[in-house]
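What follows is a set of structures to go through.
After this come two complexes, each holding chain A, first together with chain B and then together with chain C.
After this line comes the complex of A and B, so read on.
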């Protein structure tokens, strides 16, 4: 059934954080200020690659109103950060490797003074050759960007004998696909407030997707014990993976500790573009072959990812891309290799979809091309090779089985939009507008994968004031996590909205629930509540039975307090809390479910999506307009209809930009864009088409994993659906994103034949 | 590729006198129905007057070049990007920020955004609501193209605009009803 407000009925709820958001009353961490606060700013490299010959901060320090100027010499602990591998310097010492590299930071009485102080810092550089292409970085004579070389990570997967299998193929498609350096473009740029407290403690008010990871990283940098650092990290004005890694926090903390005063930093958009991580640009070569009947026999993949100057999660993104480049279909013979390569370009890292977007664009492109060679309908061709329930995961690993691939395939096959494709082609309003319909399919892993710590935890408590507290270490960056948690508490326990207090985003009080990433938080909260529900119910009801004298069996949790089976309220939560005289609390700690097979990064839970789109290609301008979208999503039960719809619509909007307009392109290590006038995310006029979302909620009997997260699945299959529709419209195959309009332009009134001779 | 030469960053000739905040200009205007009189640089941007001087942080800072609409406010009822508006341009004007719209409870436009889920992270939302208010004050029954034109200067990265468009149509319907 399609998902909207009407079909959701009473399950369509007003978000608890909504009123503060629509009225502008919500205080984001970059809206905060403190009396006596200073303003911080960071000096970043003038070069994409250079040696630092001399660094002098005397003149900056002498400027009245400047309170601190810090460099590498001022770091008490580790001069490095990075979630998986901390090799990005907080401050560069003798070498800069990209234009976002930090050299120094200042704190001053005003933003203007901080800017002036940066200009007074004298840095002498010796420029080094810029390595701006991963293939160039892999050359034998390339200068090494890191002591261990220019290859951050190599990933590989093989099964069968591809060389022999290609000999048996009747059709082989070989193509190289390119994907852009997409920017997260959260509307709130990075920033926050850093307040030193008594006894050497410090409080960090700054966005992240995993407060406890920030605390760990900041502890390493400052040398402070983790218990002396408090990270408050929600609410957040968008993240999409982009704020999971540290950004301004090391500078804010170091400046606040040095000056003993609150320090505020808030990146300008230009600073955010220059320093922030992006989606990995990838070059993916695939060679895929089929027999006469259309059965996939062999699949060869080579991925080269530009990970930029430092590691962050580059290795993990590559593993994910490799896994998804061989996913969704039954390939008997597979040979896949991937390389995540350091360059002097901007740092690439975590971004919604996590490498799946790039891989699935290439993989689905192969499916369309093979179907065409076979003279088959592209959707029928997919069905012939689609994975079936019971099949192992993409890397041969055991996974939680669902029939998602077939389910989304079938729902899409019967969708009005896909059926329209085989009908008569519609009238176009203008002769230069051509319409086309295309579709693509994806399976997408959730959780961090085998071999990576992936904790889940939560607490429920009846607080002294009678509120039911749900405490989780997750973050609210817009996805609706608080609303989803509230809805689960109401629907599963019978609580009323006003009974609840949701506590997140404060490392002093939350358990280690793991990161709000990898489409994992919804399923982890669901599991945590399922784990805690019997014990928490028993704890409260037993206490109430003792207090009221009503037998335990006749009582249950309900809105407002403890009720008898007839629904009569016998004891309010407030009465229960004051009578209990002790905290009534339960907690759960567990690990995200993983495959038993020892393949690092291999996933266990997957979601599936099939997407059809209708496009209008303007052959005069070469521009593509998406006028209709249909999404079938198999991710288990929908726990929050508004959130689910918003994630699919929003994720696909982001994917539309990835396909049609977005690229933070670089030239010799310098960004060719620096703000939203040149980096073009979709506007309302680009996304004014119809979007239909159809969730498929059924899971196999006995499934214990419940709802899967949908933070990413909406963003991974749209690009290949659009390029498929473009081909349907104008007969041209696109292998590079964003689509370059000139490839689709046709000269009006010109003769179509080639001009011969020179 | 770059030349293999030494280069210096830093401009020692800059002095603190260039950044003096001394000013003799007094801005007199109306902000959310209250008279405001303050000494500011005539070129100070309205965005920072609202956020930093008046602590009205519902107006958001994002691109600062008038492309994203996160700082949209009304000036005499017309939508303007506060990041592109200087203090002297506000003299004698009525400025309405998101706080002015919701001063007396939740405005029907805001209610429509709440009901339809026309927001996620909420950072673009004040600007979206202000642009919608400007549109509907000027044209209570806009057609689809007019709605899209009115909102085309407001970027949202979370929703894909689906919930926002539903909210705007709901607001139009509510006002009609």
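After this line comes the complex of A and C, so read on.
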């Protein structure tokens, strides 16, 4: 059923954090200040690749109003960070590898003094050759960017005999696809406030998607025990994967510890572009063959990902891309190889979709091209080869089975938008505006995958003031986590909104719930509440039974307190809390469900999406406008209708930018765009076409995993649907994103054309 | 006290009481000062790589003289240089008399920027997207040179810029006071169908820097006769330009398909549009030609020509 405000009825709830956000009243962490606060700033490399010959901070330190100037010599612990592999220096010692590399940091009385101090730091560089292309980095004679070489990670997967299978193919499509260096473009740039406390403790007010991971990394850098570091991380003005890795935190913490005063850092947009991570640009070559009937026989994949100067999650993103490059369909013979390669470009890392966006763009491009060679309808061709319930996962691993692929395929096939494609082609007002309809399909893994710690945990407590506290280690960065958690508590337990207090984003109080990434938080909260509900209910109701003298069996949890079966409120939560005299709490700890098969990174839970779009291609300008979108999403029950719709619409908006306008391109290791006046994300005008979202909520009988997260699935299948629609409109295949308008431009008035036409 | 000290590195903002004082300040401070109004465009320059703001801002808004749109004697539209783009957008005078300019203003920036940005700033930036529209209306610029007001055709000023850019000439200290647009008299209005067009092509649908912008006015008569065409190009960092050769070719020509082909080639050959990081010169020229010719084709269709 269509998902919107009307069809959701009473389940459509106003977001608890909505009003403060849209009115601008909400105080983000970067809006905070403290008395006696200093301003921090970071000196970044003047070169994309260079040796540091000399580094002198004396003049900067001598500037009145400057309280600290730190370099690599001032790091008590590990000079490195990175979630998976901490090989990014906090401060570079003898070599810089990209323009965002930090060389020094200062704390001063004002932002202006801090800027001025940076200018007084003397750094002598010796420029080194810039490796700005991964293929160049892989060349045998390439200069090594890291002791272990220029290859961060190689991923591989094979089954069957691909070479032999290609011999049996009647049609083979070979194409190389290119995807852009997309920027997360959160509204709130990286920053925070860092306050040293008593007994050597420090409190970090700075955004992240995993507070406990930040605490661990900061502990390694500072040498402080983790218990001395408190990370407060919500609310967050957007992240999309971009704030999962550390950014300003090491500098804020080191400066605050050195000066003993609160320090604030807040990146300008330019600094954010320069230092922040981006989506991996990938070059994906695929060779795929079918037999005469259209059955997929062989699929060969080579992925080259530009991971930039340091590791962060580059290896994991490549694993994900490789897994999804061979997903969704029944390939008999597969040979896939992937390379995540160091360069002197900006660091690439985690970004909504996590490599799936790039892989699905290529994979679905192959499906369309093969269907064309076969003379088949592209959607029918997909059905011939689509994975079926019971099939193993993309890497041959056992997975939680659903019929999602077929479900989304069927719903899309019957959608009005897809039916319109086979109808008479719509007339446009002008001959140079051509419309086309295209579609694509994706499966998308959730959770971190096999072999990676992926904990889940939560606590429920009746606090002393009578509030029901739900305590989780997740973060609210705009995705609607608070709203979703609240809705689950209300619908599953019968609580009222005002009974609740959501506690997140504070490492001193939250359990180790794992990260708010990988479309995992909703699933994990759902599972945690399901685990805790019997015990928490029992705890409260037993206490209430003892206090009221009403038999346990006649009581239940409800809005405002404990009620009898007739719904009469017998004891408010406040009364219960004060009578209890101690907090009544339960907790749960578990692990994200994983496949039993030992393939690192392989997923167990998957969601599915099929997307159809209608585009208008203006051949005068070559510009593409998406005028209609239809999304079928199979991700289990919808927990929060507004949140679900928001995630699919928001994800698709980002994917539209990925397809049509966004690319933080680099030349010789320097960004070609430094700000939002040239890096163009879609505006409301670009997104004014209609978007229809149809969730498929059914799960196989006995499924114990409940609702799957939808944070990423809305962003993965739109690009290939758009390029498919472009082909339908003008007959041209696109293999590089964002789409370059000149490729679609025509010259209907050119004289030459008139001549040849005559 | 600390605050005072810390702000020394901010530019000093001068608020002159009148144009004469503003000019004197600029004359005195030279390159260390910049005239400012909305500061929306200048700011993007200072945020770009390497460019620091100058030490002194001379805030023209404090002169209090320069905003507003008027129609004088039914034949001269005057737009004060400090009129914001938002005010232009809601002006009935612009809609009625210079719809091409209105369309241009509608396509510039976004609401929050248009509330600050001024039409004078758009002109003075030397490549604002209003310039092609102003060119087809043969607008004149009224400058204050420290002593007197001078009236200069926009086309001459742009030609001077092109020459100055080629010769690295000294910068102009004059202050743009007003834009004047002569309004066609009623006698011209009867014959034929009026064609007025403005298009800006950027890299997204709104709030985008232009790659190319195109403005055109002209008339198409029942028998296919074309007259009074003025066509201008700009955008994407190019200095706005009239396409005089194309205009001459169209003058008193009859609308035919081959004519469109000739014009297409002429535009692609002659337009002075440069490639940049985001689009090639060829793309911009072809886009300009396509937009101009499709507008002509559309108008011819409305006039029953095909």
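To be clear about the criterion, the second predicted complex is superposed on the first by the 750 of 758 C-alpha atoms of A that agree within 3 Å, B and C clash if a C-alpha of one lies under 4 Å from a C-alpha of the other, contacts with A are read in each partner's own complex, and residues count from 1 in each chain.
Assume a residue touches a chain if its C-beta (ideal position, glycine included) is under 8 Å from a C-beta of that chain, and two chains touch if they have at least 3 such contacts.
Worth saying up front: this structure is predicted, and the values here are computed from it rather than measured.
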* Touched partner set for A:98, first chain B, second chain C, both or neither -> neither
* chain B versus chain C as contact partner of A:685, first or second or both or neither -> both
* To do: Pick one for A:46: touches chain B only (first), chain C only (second), both, or neither.
  => first
* Asked: Looking at the overlay, does A:650 come into contact with chain B only (first), chain C only (second), both, or neither?
  -> first
* Could you look at A:620 and tell me whether it touches chain B, chain C, both or neither (first, second, both, neither)? => second
* Can A:592 be said to touch chain B (first), chain C (second), both, or neither? -> neither
* Give one of first, second, both or neither to describe whether A:237 is in contact with chain B, with chain C, with both, or with none. => first
* In the overlay, answer first, second, both or neither for which of chain B and chain C A:672 touches. => second
* To do: Tell me which partner A:266 touches in the superposition: chain B (first), chain C (second), both or neither.
  => first
* Dominant contact partner of chain A by residue count, chain C or chain B -> B
* Structure fact -> Note: overlapping chain A surface for chain B and chain C spans 65, 110, 112-113, 116, 268-269, 675, 677, 682-685
* Footprint of chain C on chain A - complex, ascending -> 65, 109-110, 112-113, 115-116, 268-270, 430, 432, 620-623, 625, 660-661, 665, 672-675, 677-678, 680, 682-686, 741-742, 745, 747-755
* Spell out the part of chain C that touches chain A in their complex, as residue ranges. => 2, 5-10, 44, 47-49, 110, 201-209, 257-258, 260-265, 268, 277-280, 282-283, 286-287, 289-291, 293-294, 297-298
* Asked: Which chain B residues qualify as touching chain A in the complex?
  -> 1-12, 14, 16, 18-19, 21, 51-52, 55, 57-65, 67-68, 70, 97-99, 101-102, 106, 110-111, 113-117, 119-126, 129, 144, 148-149, 151-152, 154-166
* Of all residues in chain A, which touch chain B in the complex? -> 5, 12, 14-15, 17-28, 30-31, 33, 43, 46-50, 53, 56, 59, 63-65, 103, 110, 112-113, 116, 119-130, 184-189, 235-238, 240, 266, 268-269, 477-480, 642, 645-646, 649-654, 656, 668, 675-677, 681-685, 687-688, 691
